[in-house]
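Below you'll find a set of structures to go through.
Here chain A shows up in two complexes: once beside chain B, once beside chain C.
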Partner chain A sequence: MSNVSLYSVAYTLSSVLLGALAHLFPAPIHGWLISGTVVTALAAVIFAAILLLASMLNTILLIWYERKLLGRFMDRRGAMHVGYAGLLQNFADGLKLFRKDTVRPGQADPLGFWLSPTAYMVTSLVIFGLLPISTGWNGGSLPLTLLLALVIFSFAPLFIFLGAWASNNKYSLIGGMRSAAQMIAYEVPILLAVVAVVVLAGTFDLNTIVLEQRNYWFWAPLFLALIVFLTGMLAEMERIPFDLPEAEAELVEGWNTEYGGMLFAFFMLADYLRALVGSILVVLLFLGGWTLPSYVPAALTSFPLAGIVWFMVKTYLVFGLFVWVRASLPRIRTDQLLRLGWMRMVPLALLSVLLAALVVLSHCLPLIGCVPSMGG
Partner chain B sequence: MTEMWVNMGPQHPMTHGLWNLRVRIEGEIIKDVEPEMGYLHRGIEKISEDRHYNEIITLMDRTCYVAGLSWEHLFIVAAEQALHVTPPERAEYIRVMSAELQRIASHLMWYSAFVQDLGLMTPFLYGMRDRDLILDLFQSYTGGRLTYEYMRVGGVRSDLPLGFTQRCRQVVDWLMDRFVEYDQLCLSSTIFHERCDGLGVLLEPEAVAYGVTGPMLRSAGSRRDLRKDRPYSVYDQVQFDVATATTADVTGRYLVRMEEMRQSVRIVRQCLDWLDDHPGPVMADHLPRWLGAPYAPMGNESYLLKRNYPTGVGLSMIEEPHGEAGAYVVNDGGEHPYRVKFRSPVLINIWAAKRYLPGYRVADIPPIMGSVDVCVGECDR
Partner chain C sequence: MSATPEESPGREEKPFLWVTRPLATAAKQFVKSLWRPSTVVYPFERLEDPKFRGEVAVASGKPIGVGEIWDNYRGVHALNINTCISCNLCAFSCPDVCIEMVTVPGGDPKHPKKCPQIDYGKCSFCGFCSDACPEGCLSMTTRYELSVHKREEMVYSPARMFEVYKSKLPMNPIRVERPANEDQILLDPPICIGCNACSRDCPTQCITMLDIAKPTAKPGEKLPKRIWKEPVINDSDCVRCGTCISVCPKDCLFWGTRQ
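This part shows the complex of A and B:
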């Protein structure tokens, strides 16, 4: 079933569209329209549009999912009125924000003020072109996909700081500084945890990392790395308990105090895009991506688009974990986060790198036993 | 980073009301603070001089909008002293029960606001949900959920409805189980202790010097509680313990308030038992006629002005949920009090922020100020 790739769908769509369009034009234009270059270009655009649509829809669904789940944790119902069980509530909210005026404070720097939300949004979207949702469902297989995705992922504090500084607001400035300090705390442990995965898989290519998990998922030997990665991702997404840059209790939403209307919607949407990316990364690196263990009945893995379905199920379960954490933990302080990052998470991550190296050297697993076909 | 002044307020999520905390910070460290009060001043003391005694009770609900019945109780005790009125015992028990239920409701409100300042959303909604049960109880016998207008000079407006004691017992039983849940959500979390232990320390001598009262004082180890030290109403008839802590920090205040809620439940249960066994009137006999009628009959004012009633002075100090509140009422024989003066515990507790805030971080302001339990209505009056 999985021989159909997203790009081939886009290419077919593009050639059909251009073929139909070409009949309306005389020979020279007709020939140009159905030439390989144009079809490929349109295919790329269609590919990007499908990705954009899919990621946006998923993000909005994710917000709904969080609202409902959070509601259940808090003994209430969440959004109920717009659409079935509040499914359309987020569209209504988005429409409302879209209709609002965007106000820039008089003393704010225009370039930084407008650039920051745009760049924040764009960098969050770009990562979706790199993440394989299922076999063939990404822009292509680069040898360093994982590294590139993480690099783009960690741009965000830069743009947050830019927007915070440009806003010319004291709360925003403190929030931006906190965001920068926070990055110092979590980037190193995250990368070290990723190194453990890379050591085990022997590659930076996400497709291959998932394929390497055909015998066992990486969470079992790399449980410590998973914990470090989950914690670091919470900080990367700026969710409770690590949402101190936008701590609403003391900083009035911190770095986005001055952003309203659609610009705020951009930040909000990008936040959830990043939450989605974080959950996807956890699934890809530790939970076997779109694969299921071999003892699962074949009927569960052979229906059309089974890979995507299972991938989304895992992603939403991981995000549910993040929601659970949000529902039950208070916010911590910047200095405490730095202490946690450097004195707890870095040693744990280093330990997990060592464990990964031992597993690779011994070709053995603590839980499953020796596996002859390690690969990598 | 250079020093700068940051205005936290008047509209800021930390304030829980309408006041301004000016903070001088260097980086994230607080160097100095300056609380600015008075945004909510309504002149309640002055308005009271033009009102009948029973009309002032409506103002009391608005003085502290999270502990209306406690403030009604405060004024009523002073007014009855000034007017030489003795209420029946059943009314006193109803008042004490109301004040203790109000203390639980007020502490639940504090709990919700405090945990939300820490970033905890779930216990916030739990606290508000459980406070609603008490408001339902209030509604069943006063008719109001926020402003009750229930107590009267000489008693209370009406007796409890049928089956009230049974419902009330169910509610407090439910609450006792919830208190365990609250502690599990907060005290068993490492982050909670990281955020609260050793913050906003105000030791007993300093607290006494500033005039800080209530849970803030008791968290520093003091056993001062007016319900024990200077019993009013029927507090000398009920059994309870004074909740104290020794750490003098945010966690200590949390522990004191949590224990106070449990002790309040104890008092409420005793009052309910007494009320079940002792039916009777809830208003005093032989009240001056004009106390019953808030408005003078048309065309008959001269009769009111000419009557001659003994003068007097009333001073009450009660243990309100936020601290020790005081009321001073001067009765010059007229139908209005000559002078009314209140002591607000919150104003003084906030003012001591100059002592207990500097040295901590900006991120510590919400938990510390949250642990003070601010109610700006009574602070500005």
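This part shows the complex of A and C:
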């Protein structure tokens, strides 16, 4: 499992492809084609393509998963007819959206209007590429991956606001404004919760953070931080109960009111991609990433691709939690969100930073006991 | 002014409950519907299917009481072509004029067998036709699925309704009783010319033309030009369809009570 990495797969694929292609050409081109640079370049492209495919497939699956889960929460079945249990329904929906004409309102600003969905999508994809899914599946190991991911994650309201402003529609604009206002409420608690994790792990590198959880997953000492992070992520993804910018009851469709067809599909996909990324972050930071506790029988952790499988299971469970919240809670108001963010989440997050510091200093875990090797 | 929600006793702000209670409710619902949500996957299972009721609904602990279609449901008509006597009563009684009597095989050239054909584009499912049918061969069933692709498919030919009959669906058992002292067909003898039209067209063949004595003409009197026969109606067989009245060229048959 650990010696098969995504990049090595891409590299092998690339060299095989180029090797086969090179046979068709005479010497100079042949040599150039199988040179290291070209093979590496193609490998990078293949790598990116695999990432793109994986992210899109997962996103669409996630939509299906949410529809089914939400159905059960509401005592109904969700999509049923296209594919097995409606599995292909979203592909059909996507196909329909992609075939539609994209209409730009006459008074809308073309640059902002086209740019915003694209940027929204691209930034979401970039975060997905940054996050390690398993030991083999790793887009890149920078020392500050976590910070980079969070920074890109918080770009979104910017693009939402851009698109909303460019649409030249009052509902879009209100939605965009709300999105920007909402950001003030959740960014600080999220970062503070992450600080708690970082204090415990001693690094910003996601790979190391996961490895640091080999003895205990971070949610145990940092339960408060987990709650704050989950809530903040809900707001970050703009999902119910924090979907103020969309608020279809008041704002038509919020900031994407004017977007239709393919652009709407872009927003939709990016929304769920962000939900996926948010769930992945929760799994990485608090739930031990692709690792399982040591008391789990080895048979469950040693089959090929076990890391990815367990990671995905955890991610989907976390997303299930978000769906559960969506099925239960009503949307709250902006002032309530701000109050929640500043008066509840920030103190809780600060408290969990304190807890993390205590754990590191005392090498002790509440409820679990003292382990000398504990803490970053 | 009444108390605002915050002030009223049961609803003071409990932020923790405010979040956890809905979560618990949703979780309960989720667990309940994990095995089987309430949704009936309609084209594949129907509430009234014995299989659905017996194995699915009851097995999952929620027998659905409303599932059975009421016996008195007025759905698609079933027509037993074999017992239809082509009396036309159904077509007469239809308030929406959606019944057309069409020829079906089985009659003789003189008496073509005609059975109702119903246009469900017009039918209001009032059930008058099945009430009127003297033979009980036109009846309404519990079939409620009437969607079709084309307008023409909404017209149910007698053969099609015969298929419905053969599917042995539960039929609407409620039928308006005929009043005991129903009017009969009466004859105004002096006008009758003995033409045999009523006897010929009576669907139940309950009219017999009997010979009557030809009166001897008094001097100067001109005997009417007629056949010296008169219809005699077997009242117990008469279904009161009125065919005889409508075919009578002299309007000498009428509804009434024999004194």
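What we mean here is this: the second predicted complex is superposed on the first by the 375 of 376 C-alpha atoms of A that agree within 3 Å, B and C clash if a C-alpha of one lies under 4 Å from a C-alpha of the other, contacts with A are read in each partner's own complex, and residues count from 1 in each chain.
Just so we're on the same page, a residue touches a chain if its C-beta (ideal position, glycine included) is under 8 Å from a C-beta of that chain, and two chains touch if they have at least 3 such contacts.
Computed from a predicted structure; not experimentally measured.
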- Once the structures are superposed on A, label A:Y171 by its partner contacts, choosing first (chain B), second (chain C), both or neither. first
- Message: By the touch definition at the top of the document, which applies to A:R333: first (chain B), second (chain C), both, or neither?
- Response: first
- Counting residues of chain A touched by each of chain B and chain C, the higher count belongs to B
- Query: Touching A:R72, do we find chain B (first), chain C (second), both, or neither?
  - Reply: second
- Message: Taking the superposition on A as described, I'd like to know which of chain B and chain C A:M80 touches: first, second, both or neither.
- Response: second
- May I ask you to decide whether A:W324 touches chain B, chain C, both, or neither, giving the answer as first, second, both or neither? second
- Task: Would you please give the residues of chain A that touch chain B in one complex and also touch chain C in the other complex?
- Result: 73-76, 327-330
- Enumerate the contact residues on chain A facing chain B in the complex. 70, 73-76, 170-171, 174, 240-241, 243-244, 247-252, 326-336
- Note on the structure: Within the complex, chain A is touched by chain B residues 4, 6, 8, 12-14, 28, 115-122, 125-126, 129, 185, 189, 191-192, 194-195, 361-366
- Item | Complex contacts: residues of chain A adjacent to chain C | 71-77, 80, 324-325, 327-330, 344
- Note on the structure: In the complex, chain C touches chain A at residues 15, 19, 22-23, 25-27, 29-30, 32-34, 37-39, 41
